[in-house]
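One chain, subunit A, links the two complexes that follow: it is found with subunit B in the first and with subunit C in the second.
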Partner chain A sequence: MPTSLPSSTWDTRRQRRQARLQRATQAGIGRHVPAERIKTLLETVIAPGDRVCLEGNNQKQADFLAQALSECDPQQLHHLHLVQSVLALPSHVDLFERGIASRLDFSFSGPQGGRLARLVQDRRIEIGAIHTYLELFGRYFVDLTPDVCLITAQSADAAGNLYTGPNTEDTPLIVEATAFKSGIVIAQVNERLEHLPRVDVPGDWVDYVVVAPRPNHIEPLFTRDPAQITEIQILMAMMTIKGIYAEYGITRLNHGIGFDTAAIELLLPTYATALGLKGKICTHWALNPHPTLIPAIESGFVQSVHSFGSEVGMDAYIAARSDVFFTGADGSMRSNRAFSQTAGLYACDLFIGSTLQIDLAGNSSTATLGRITGFGGAPNMGSDPHGRRHASPAWLKAGREAAGPQAIRGRKLVVQCVETFREHMTPVFVEQLDAWKMQESLGMALPPIMIYGDDVTHVVTEEGIANLLLCRTPEEREQAIRGVAGFTPVGLARDQAQVDQLRARGVIRRVDDLGIDPRLATRDLLAARSVKDLVRCSGGLYTPPSRFRNW
Partner chain B sequence: MNLPQPSPPSRGPSFYEATARQRVNRLLDAQSFAEFLPPQSAHSSPHLALLDLPGALDDGVVIGSGTLGGKPVQIIAQEGQFLGGAVGEMHGAKIVGLLQRAIRDKPLAVLFLVDSGGVRLHEANAGLIALSEIMRAVLDTRAAGIPVFALIGGMCGAFGGMGIVSRLCSAILMSEQGRLALSGPEVIETVAGVEEFDSRDRALVWRVTGGKHRYLMGDCVALVEDDVEDFRQTIITLLAQWQENPPEPHALRAEQERLTQRCQQFSGMRDGLEVWAALGVPNPQQIPLLERDALVTLRQGLSL
Partner chain C sequence: MDQLTFQFPAQPCKPSAKASLCGVVSSGNLEVLITQGGQPNGCEVSIHTSARGFAPIWQAVLADFAAQHALGGTAITINDMGATPAVVTLRLGQAFRDYCGGAQ
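Moving on, here comes the complex of A and B:
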């Protein structure tokens, strides 16, 4: 094989880019693209084998561009390598079924998880890896830099400047990776404006803008109706507040999505205030603007919230609370998924979330057979960052519980909050995660574990709190988990003597041990019992989507 | 521990969230309720048992007597959390029995806490017959001079046959959360398509069937807060001044005529917003967020 000589050209990517822009000009397409010519543009500036990022995550979606790409001619566009946060829309999967794309690196697939698993089994799709958001974002700047990105924004002006509105999310990051490595940036917007409220992405980073026929889809993913919170969830929220937040003095934190965490948010103005915890816990958040946080904000509990994205209906409320949220000079929020994920990973002392399965080592997974759902951001926030250096009382206390007073570093608190059984009486605690069977059946490099057991510090169930930091051996850890696993087979197989001993040592604590009166765990304790209560509490600034209303 | 009152809105115990027994116990004078055929007597549905479905010992309805402001009343409360409050044979028989007993015992009134999607489909004809028997019993009770009041504010509303039963009562009291109609939203969507009615658009469902709409339309005599205590106070006030007019054919014909005209007046409208505009409401889109008192004031200002 001949040895190739060092190339004398060092700007092949730029030349390629120029040639593509040229072809589009020849086809009569300028910066502002009429919606009906979008397919021509895509077929002109994208080439077979390109790495393409279709913007979309679990909130906003470049749905018009995704649809257009999926309708392109597979003779012209094929073997695309998609590098994107989320595979959420039917059109995303169509790309693979129609043979336009063949390789995928992503984070999360949610509703398309079933179709995706079938494509993998049929070998119609090759998955590079399933990442967390931060890993995928990191690789955009290392080895998965997009050749073309298809993004979405609220509005554009004549110069191609973009205003993202409150749902800034991933846009700046995707554009930065693409535009500064000689890629091509195509944006769909909801409207053209003469003057933008603010510039989120400068126009000279954007090559093409198309006004989509319909506004981009945004999913109200973080709205939990307080009417659906159960008394068990309220009891678990009381245990978490008193047994974890108060004891460690958790001020900086992130909450996962779910009714368990919504219950905690709604108990801050009532139960936590009555415990004298206002100002002592839950002051600084990396969190989407959960509507259920409104009462805590209104009662002065919350000082700061940085968000990954916005939430449908919350924009006016956020704009009116700029002391709490990050907002632009125009008044509206600027979110940023990459920065908020970084905040969740490195700047927070606690993550709490729920899951579908937990094994005896504390590993947890949301994977269910026949579906590839991926990870999103939970593993970033639900992990202990070993590189952290700055100390905080909560972090130090946890570190010393784990390694003794001579600990050279602290620990982030990673809490799993679950009822022992979920719907249809399926036990959450299992001897073996379904993730292992999935790894086998889909030929994955690793089992899709959401939170690694060695990162988990506490497991909260209706039966009690297991503090895994205080466990000294794998056997103790197993019994601590069994000891809060209730009437599940895993819980029934506990060694009662060991569990009693762990309780005596404070590794396991029951409601009684925490000094909580379970009779107080009623819905009357919630600061809001319905979505309408949230609206009232916001002074009418929160305008929930129709599906959450009963008025 | 002294817990502060939950911030603004949540007042007393919610009627909407309460179970049938909680509603009855909180609505009547304390300790006054005596239940007929309580769960201990185990009157559950034989039909559900045949289908191997779990039953309820009271078959989803609580009946009995008690006092309200010191006056004797009898009471029926459907449990919306059991099969959507649906009416089966045993469930219906308990209601009919209570109404017949009311004719004998002559309480001041019968309070009917409706929380039901209508007939229990598992019991088919037996359920339908039960519903028609309830309708007759309501009219018999009223004919005996005893008013029957429908209280609608539960999660299941009052739909299907129970929508008809409610309208046969002497008067209806509703909270904003309550809903009253014949065909339920899902039924309409299933039969006529999502273009006709999008049952998942909850705001639309409430604009078309909810308490505020029914109040503006004059279908209920009072709009009350979602608070059992407010239901209690409103019914006490209403009872103090109530003059029961037993159903008379000519009055029913006049009512039929009024409803026919109303049908024509609003025909073709697809949303409460349009109806409210036609009623002369100045800013119809503000209605859903109005507090009860403001809505009552607004209605007084309309020439209805």
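Moving on, here comes the complex of A and C:
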């Protein structure tokens, strides 16, 4: 006979959930919650120490619920553990300043990076880890499953079914992790409808719905005004198209959100078409609906785009281009961050993005002293997935450049595209990343490196392209990076003889080596030179937010 | 305001225009004028710049450009308003292509 019997109770979470729902019922709160009773609901169904996912996505925000939670009584609600992909709103940080939440696991903090760093320094917040999106999503189903999630959708019906609209983003995933582990799901919506255009989240996964007094906030994070694209960015875009996209035959890819990649998108209908590359490159994308992609779509360059989220002002255009975008039977787009991240990781042959610092090993980081900004999706997109098994010409070519003709696997192309100096002549190339100092001052387990150097295959600057796949030793790699680092201190410290040798081997290629005429690098080469051009190109379907309208 | 002058040895060039002018004097930009100079195996550069204290970087950028392009027999005049080395190299390249001819 065993000395101790295991507990015979196997549904404590379900019982706890039932008790909480019952308390809310006793407080007179049913499935549809009046906005003015939201704080009572939160204080009733959330308990101290709960793990809470407050839906803060890259773009849309459960801002009403965030505000309400931050105004709850810290005597009643405290020591919450926030598990959310993006910490974007001031109210998110208020939660820690007011003592309601004390621990955080997240991916990206963007505009709140400075306040977050101060809280960590003052020991008022404990950061579990800074994740990539897929990593955090994965942990929702392993050891960071939310007890309660506060989410946002466009509309709800009487049964609690939710329509997210084009900005589906993280919502289905958050709800799935919470609802199927006996958690509680609370949704803010912009409106109650009798009939939803489509059901994105089934009503029996949702416990409470509140119509928010204001529509949820959506940030136009992916809109880049072509008027701000410089000739240097155009020159680097030309080099990337001719020296990388054309040579590897890149058809499946993901772009970062900077002006460098916006320039590439705007050169597809002009420069790339003139090079005869239409149909040969950039046909399939994991990408948000960048307005700067409109000219390439209109010119027939682009066949398919799956998106992490939508973009403000793009909804009508997307609905009218269902061959290209993923749309529902109702006509509007369905995005999904987890699926698009998976697509970017496993189904794309190239990621290109920008960064704030690159060191001599090619490690890159956007962490600068005094700001904890996190990573977002870049580390997933910008990494070589060892779980990949399907071949493609681009992947094979890169793999063979790295390991010879007998290579047993290919390589994802991970390209960092930077000007050697940022604003105020701050060099991008550095001997040591600020990330290391940050690790020390904040007591982190690891320096917050966005993309590891051993995943980077190419560095593009105005000085040329360094192909790191062809480097055979760490020393060669260092000289290849110095060789395109221009007149930064890191660049000036290059060994000229070694750099000349790398250039002779084609490891470094300059504008002249690529057969590019610098006189073409003017803004005339852009398929659209202003936001108004983009609107015109879309046939009036793109309706930019007012901050991007100057006419 | 800084006024700088440099001389670099360079391979002789074969001009196809009397002069070439690229760029504009505006914030973060510059104008580059290439005309005929006095020495067939050298290039004379004179710079007016609004940004003080960058002489070593100008020296490095121009020496690198002179080493890679046949600039012998040219005189280069630059009016700069805080252009980055990237913009300087781009303008030099554009002006040089115009000066030496060759279709776009």
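To be clear about the criterion, the second predicted complex is superposed on the first by the 546 of 551 C-alpha atoms of A that agree within 3 Å, B and C clash if a C-alpha of one lies under 4 Å from a C-alpha of the other, contacts with A are read in each partner's own complex, and residues count from 1 in each chain.
Rule of thumb we're sticking to: a contact is a pair of C-beta atoms (placed from the backbone, for glycine too) under 8 Å apart; a residue touches a chain by one contact, two chains touch by 3 or more.
This is a predicted model, so every value here is computed, not measured.
**Student:** In the overlay, answer first, second, both or neither for which of subunit B and subunit C A:492 touches.
**Tutor:** A:492 contacts subunit C only, not subunit B.
**Student:** Determine, under the contact definition given at the top, whether A:518 touches first (subunit B), second (subunit C), both, or neither.
**Tutor:** In the superposition, A:518 touches subunit C alone.
**Student:** Using the touch definition from the top, say if A:180 reaches subunit B (first), subunit C (second), both or neither.
**Tutor:** Neither partner.
**Student:** On the A-aligned overlay, A:274 touches which partner chain: subunit B = first, subunit C = second, or both, or neither?
**Tutor:** Once the two structures are laid over each other on A, A:274 reaches subunit B alone.
**Student:** Using the touch definition from the top, say if A:295 reaches subunit B (first), subunit C (second), both or neither.
**Tutor:** So A:295 only meets subunit B here.
**Student:** State whether subunit B or subunit C is in contact with more residues of subunit A in the superposed arrangement.
**Tutor:** Of subunit B and subunit C, more residues of subunit A lie in contact with B.
**Student:** Check the residue A:141 against both partner chains and state whether it touches subunit B (first), subunit C (second), both, or neither.
**Tutor:** Touch partners of A:141: none, neither subunit B nor subunit C.
**Student:** Considering only touches as defined above, state whether A:535 meets subunit B (first), subunit C (second), both or neither.
**Tutor:** First partner only, subunit B.
**Student:** Same subunit A residues contacting subunit B and subunit C, which ones?
**Tutor:** 517, 520
**Student:** Enumerate the contact residues on subunit B facing subunit A in the complex.
**Tutor:** Against subunit A, the touching part of subunit B is residues 1-4, 6-10, 13-14, 17, 176-177, 200-206, 210, 212, 288-289.
**Student:** Provide the residue numbers of subunit A that touch subunit B in the complex, in ascending order.
**Tutor:** Residues of subunit A touching subunit B: 227, 269-271, 273-275, 295, 298-299, 517, 520, 523-529, 532-533, 535-537, 540, 546-551.
**Student:** Flag every residue of subunit C that touches subunit A in the complex, lowest number first.
**Tutor:** Touch residues, subunit C against subunit A: 57, 60-61, 64, 68, 84-87, 89-90, 93-94, 97-98, 102, 104.
**Student:** In the complex, go through subunit A and note every residue touching subunit C.
**Tutor:** Result: residues 231-232, 235, 419-421, 425, 461-463, 486-487, 492, 510-512, 517-521 of subunit A touch subunit C.
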